[in-house]
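Remarks on the structure that follows.
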Amino acid sequence: MQREERVMDATLDAVLQRVVDIKGSLQELLVKIEREGEQGDWPSYLNSFSVISAQIYTLMKLLKNEKTPILRNYLTLPLQLNAESDEKLLVATEGRVPSFSHDFVPNMLRTKPEPDMEQKHQALEAKMAQVNSDTAQKQINIHNRVVKHVMDLVNTAREEWETETAARTSQPQTCSLNETQILVAALGTGKGFKIRAQPPGPSPTIQQPPPQISTASKAVSAVKTNIKAATSIHPYSR
Amino acid sequence: MAMPVNVPHVGENLEAAMKSQIVPDQEFLLQGSVLDTSLGVVIDRLRGLCDNADILPETFHDHEVVFVLKDFSAMSTPGPASQGVMLRVRRAMDYPDLPYQLRYVGYPELGNYPALLRNCLDIPVSNNVCEFLTELGAKLDHEFIAKGFIMKKGRIKVTVFKMYKMGIGMAKDNLEQMTMSHMVELSVLTTKTDMSVAEDLRALADQLKPLVQLERIDYRRLGP
Amino acid sequence: MGVTVLQIFPDSSRSGCLETEKLHKRIMHLDAVQCGMFTVDCDTCYTVTQTGNNRKLHIVHNSETPTTTYAILDTGTKQITLSADYLFDLLLPRLDFMYQSKKNLKIESKGAKYEIGDFVVKIGTVTMSGHYKAILVEVEYLPCHTPALCWSLMREFMQSFMGSCVKPTLPSYLQNRLHDIHTPQDTVQQYVEKFNEIREGTTFAGTQTTGSGS
């Protein structure tokens, strides 16, 4: 008997802890919505949701655990109601429940949904029962098709977006190291500029007179002469 | 008219400047290239980074003739005399009235500098310089056309240009291009005592990544 | 820039300052105004290679054009004058495997500058590696650009304070360029010509009967 009680206590403690965690996360989310509203960062909302869903998942796992006693087998029976305010209860419920009175107890200890909720639920159940199973199947199919179509749209959009970002990260080539080296060598040593159409010309010691350019005023033509020289004579033959 | 009584030598001034190492004869250089297809992007980026972003970058169209001065009669002996000195003559084809530039560029210095460091002299000269060099004993080695844009950012000179070969039967508007890329050069002239500007050069180069990879490239270490 | 004529003033006494003092007095009588000093210096490089023809490279600076270096190449058959930025001087050490200067041949003309109307006169004392060599007088006539049009006027003016040492015919350098437009290069080339004469020691002879070989 004592052992069962201890297990029960431990389980309740664990459940309580999980519930407190979930409550904390929910409060954080509420604060975030209040403070940031629509300006909020979408990924951070998603983060909050996933945290909460994970916490709910652990809670459910805990409840379904083999070692956890089946809580629904236990009854909670209010023995005594008291209209006077109870300090301890106030602290334990974080100021929501001032006293263990007629007002609060039915709500706190109820095991069924609220009456109007129950009514709505029943109305839906009745409606469902009325609908022909074929029509229902047809509606389900149509719905599935619409959902699938939307999914497809989202997926193609996502694919497009992803290829675009991929293209942006692997930019097209804008420079070539090989070309840089060719250019630097050409600039530094003249490699590639020298015209080697024929084997090297006559021995450099045999100098032919260079084109005669007499006065300074005509020296613009000096360079022109050189261009001409390059076009007509082999540069090494000079 | 009050004139200074003692006229110092031109040479004396220069010697004094050399002694105190304030002659800007050192050049820091970073080189890279950009494929012609991406030229527009690089120019736009550079316009944003450089001075005078509100006006179009200045263009240039230069003809460079490179001479080698050495003792051609004593070719077989090794040493600096047989290697000779490269002397580069540049003229602006689009501004024929500007003086020609005679340029001497030394070998890259060894050492761990943020950019390629070399001795460099840019000397404006009269336009008979080609004849002068020929008579001096130099020989025409090669020549080419460089066409492109020039910008500046503070003391840094930024040039983006394409090189064209000159050869047989080449019309002025039908030049043979060297590669499918434009050369990109960042350079700054400085003195032996002022090396701080090299970091600015690196910073500008980093801002051009990954469009252009600007590096210190020693052309002597490139393949044969 | 007008036309410039360079004239060696014979110095029979070989004292230098006595003769320049004399020229100074004479020119001041013509209402000249002294307006500063000037220098023209010349360094000469020779080819070091044994083979091939010997070429001379004169490096000249003129205080009138203080940021310019004149490089005058003398191949023996012709002269080419390159006007360059004075950074050219820094290039010369790079070429020392081909061209080397002989320091003891460094020569310069230094002195006072005068203005008389349209004329500028510079009376220079020529020294070679510190030793006094000769007196060089440069006369420039500002309003004219071609020697042919102003030589007679210039000759008259020059004779008025230098006397008979000024010959009636144009110096040969200008004789060959009678109708060319005179440039600063021409001035510097005349200096090189005179400097060469002074170096070779042929100057004092021939200009005046009292001249003695040096």
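Note that the chains are named A, B and C in the order they appear, and that numbering of residues resets to 1 at the start of each chain.
Criterion: a residue touches a chain if its C-beta (ideal position, glycine included) is under 8 Å from a C-beta of that chain, and two chains touch if they have at least 3 such contacts.
Chain identities (UniProt): A = Mediator of RNA polymerase II transcription subunit 8; B = Mediator of RNA polymerase II transcription subunit 18; C = Mediator of RNA polymerase II transcription subunit 20.
Being a predicted model, the structure only gives us computed values, none of them experimental.
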| item | value |
| --- | --- |
| Innermost chain, taking as reference the mean of every protein Cα atom displayed | B |
| Most distant chain from subunit A by Cα centroid | C |
| Inter-chain centre distance, subunit A versus subunit B - centres from mean C-alpha coordinates, in Å | 51 |
| Subunit A-subunit C separation of Cα centroids, rounded to whole Å | 86 |
| Between subunit B and subunit C, centroid-to-centroid distance (C-alpha), Å | 36 |
| Sites on subunit A at which at least two other chains make contact | 216 |
| Residues of subunit C whose C-beta touches two or more other chains | 81, 185 |
| Per-residue multi-chain contacts in subunit B, two or more chains | 73, 126, 128-129, 131 |
| Touching residues (chain side subunit B, partner subunit A) in the complex | 31-35, 37-38, 41-42, 63, 65-66, 72-73, 75, 89, 91, 96, 126-131, 134, 139-144, 163, 165-170, 178-181, 183, 210-213, 217, 219-220, 222-223 |
| Complex interface listing, subunit B residues touching subunit C | 1, 3-7, 9-11, 13-14, 18, 23, 25, 69-71, 73-74, 80-81, 85, 102, 104, 106, 121-126, 128-129, 131-132, 135-137 |
| Of subunit A, residues touching subunit B in the complex | 171-177, 179-190, 192-195, 197, 204-205, 210, 213, 216, 219-220, 222-223, 226-227, 229-231, 235, 238 |
| Subunit C - residues contacting subunit B, complex | 35-39, 41, 43, 47, 49, 51-52, 55, 57, 61-63, 66-67, 69, 71, 73, 75, 78, 80-91, 94-95, 97-99, 108, 110, 185 |
